[in-house]
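Each chain carries a letter (A, B and C) given by its place in the written order, and its residues are counted from 1.
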């Protein structure tokens, strides 16, 4: 799929060859393998750096592709797309990636077990994130009912404060996962002798080189994608929210997707959950706050107020993964349940009229 | 109580003898024993057909009385009553039937245990159903805030798509319960040597005859009931939602009620849960979609948008049964908690003004 | 800290010495030790009266300080403050007190275990309470959308009915905790030979004397506090809701706070949970209904309709404590999660404009 990278460059350099829609689709497809290479290079580096620092590296660069797309979109003032892609990454990892993983593993194994305490810790942190992301909307609805009481500035201060709390909480979660309770997470990966199958023994310099090249290309593709999104949307008849929640989220998380499903089919459901739920966590507690901080840096403050359907989608997804993973075992029906809800939410976002997306 | 059947017929044939309100009450009462006979005949048939097909029969005809009332009410355009009776059946089975069962069993037994995985699977499917039934309301609230963005047609397409997802999910649930994980459900019923007490050895032809007669009479009574509901409501001062959520739901589920309580008092809490929660599931994932499909067939499309109190009631009930049954044991206090919430919701629907019921 | 009592009296008697804001702050601070003495005297008395009656005494007088503040504020017509302090006490005990306790215990002990059934019973009762307190708001939102359908009188009848249900449920909970399932709660306190550290062997008469004196002084301080709250609010720039939810709630629960943290650090997490969650329960199921009944007695009916942020805060807090305590074990990260959410809610209430607080 790396072939899409040069195709996208050609399409951009010679606009007469194609159109914006084609550029949008091709740069979307080009990001998929690049995000995979970034992820692998990050993990190889992490391997060399040892558990603690390596874990930290994974925890910060694991969703670098989403972060880059977000930064590019923010620079163009597309806050609606940025927020929708945050929502979409959270629910996509929980519902789509975990749904496929649990079904994939569940058709081979009657029940799949994993560490319950680790699963509950992640699920509770996700609950906290869902609460945090819902609060600005609660504020807006309440404050907007009273003329004079509400102002854009207060809403931004509230979002900034929440972003800080989320960021600090993420530091605590990392302390829990990498230091004080690391054995909850370590056990399973040592089971099979190796953590993940793709850890193939790259040298540090090779990892760094690939990471640098892949990151630069992802940045380039993201710029193409973001530049073409408005034109492509109107041609394809998709709303801003649908593009963010479904399209960009699926692309940005394609790498996690394939790894999580592979782990599940090898009956390593704990690792599968760790990748997918961990990615959702990272988006909510690290990528979202960093994007808020960045938006202040470039002087175009983004607040964290989401639309009602987005808030509902996140709460619903987080609650469901808690119910399903909280008992430390999964079966195929639970995967179907996650996928059904993803489908229902996808239908909702598809039918939602364009005007309804603004906060 | 079968005596109410001829009384209802007389009241209908000779309107000068009584009034609409009497007809409404009598046909309500007549449905109770008829639904019981339908249920028993279905189970007897299922017994003859063996686990797989028999389970399927129970899963489709188990709530035939509610289905018939719904079809009759839809034909008269009473979509408000139909939707309210869906809500009411879901919360009635979970809160009222399970509440009485758990208290009934709990006063005799200190703790009652049952298969946790089966209970959690049902509870999660109910959560999915609650989400699905809340989405059209989320859509409506969001879309209605933007003039021009929203249309009745989109709302109906959304509801139809959700109905299809629910229906397919129900097929998966049946596959889980009857095929891949049937032993989770089978164990307890084999404990006492017999599944349910009323399985009394009817022949296939006797079962079929009783099923046919009872079904015809339920259809007749439902028609009386639906025809008289408008007049009776205004005389009794009850709102459409209260009649649907409380009155019709209690009547339609009376048979489940007595069986579930009896099982609980024999310390077969797993069966009791299976009957009551299973009935809620069937209403949400089978009866509701089928009524939506039927409404399209007769050219009067019904959407699945419920009022805010109905959505809240379903979410609340589903969440509570998950909390209570998720640990695989119950005690009397948990029954009291379910009943308290049922009472609070009943009070809410009682005081809700008439105008507030429309979607 | 008892020195604040005479200071408050002096400030009140000689208004020229200070101002309303100082009086507000000093009487707040004076209540903290007095509430502690009331609590200790109640427990000493309970010790003498034996498990059953003693438990009942604790269950009714345990939050006497909050009750007195509430009665004083109701008499001055400050229903907004009263309701906010109910919300604040519930979330303060769950999020702040339990958060600090779990972190405090968690830094010393890797995992802390406690009786899961008892924890779940409390969490489910809290869920019920959260539902009950959300219903009047659901009613208001639904009914208010239809002109003519809604009236203040219906809203008060609804609240009164809910208060009665909560009160009766509380009686059932006491029956469960003190009679039918008392061993679930008793085990841990017998572990160390003594129930709580402060049980120091006061005589009945000493306990009664201290209880009477402390109660009278709390009543006096509450009157000062309530009298000065309006003036102090505008000077300090705090909204009514913030004062109720954060300031008064923290003061009224300071005694529970120190005891719960001490128990947690002695690895008696079950007792710690019992104190903090039990206090929330008592506020919701006993203090709130009693205040509603009292408001009728004095002819100024208070309804139980809370603002949207209050309803969200209670639901969120209750849900989180269920997730965290439902598995019968805690670790420090769970305490951080509770505190993060408390912080986020505190930020929300701080930024909420004044106009937005009315129901």
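One rule holds in what follows: a residue touches a chain if its C-beta (ideal position, glycine included) is under 8 Å from a C-beta of that chain, and two chains touch if they have at least 3 such contacts.
All values reported here derive from a predicted model rather than from experimental measurement.
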Exercise. Rounded to the nearest 5 degrees, what is the angle of the rotation that puts chain A onto chain C, matching CA atoms?
Worked result: 120
For this session: Answer with same or different: of all residue numbers used at the interface between chain A and chain B, are over half used by both copies?
Result: different
Exercise. Per the centroid of Cα atoms for each chain, what is the distance between chain A and chain B, given in Å?
Worked result: 39
Exercise. In chain C, which residues are in touch with two or more of the other chains?
Worked result: none
Exercise. Tell me, which parts of chain A touch chain B in their complex?
Worked result: 110, 307-309, 312, 316, 319-320, 323-324, 327, 329, 331-334, 336-337, 340-341, 343-345, 347-348, 351-356
Seminar exercise, completed: The chain C residues in contact with chain B across the complex are 116-117, 120-121, 123-125, 127-128, 131-132, 134-135, 138-139, 141-143, 145-150, 154, 157-158, 161-162, 165-166, 168-169, 172-173, 176, 180-181, 322, 326
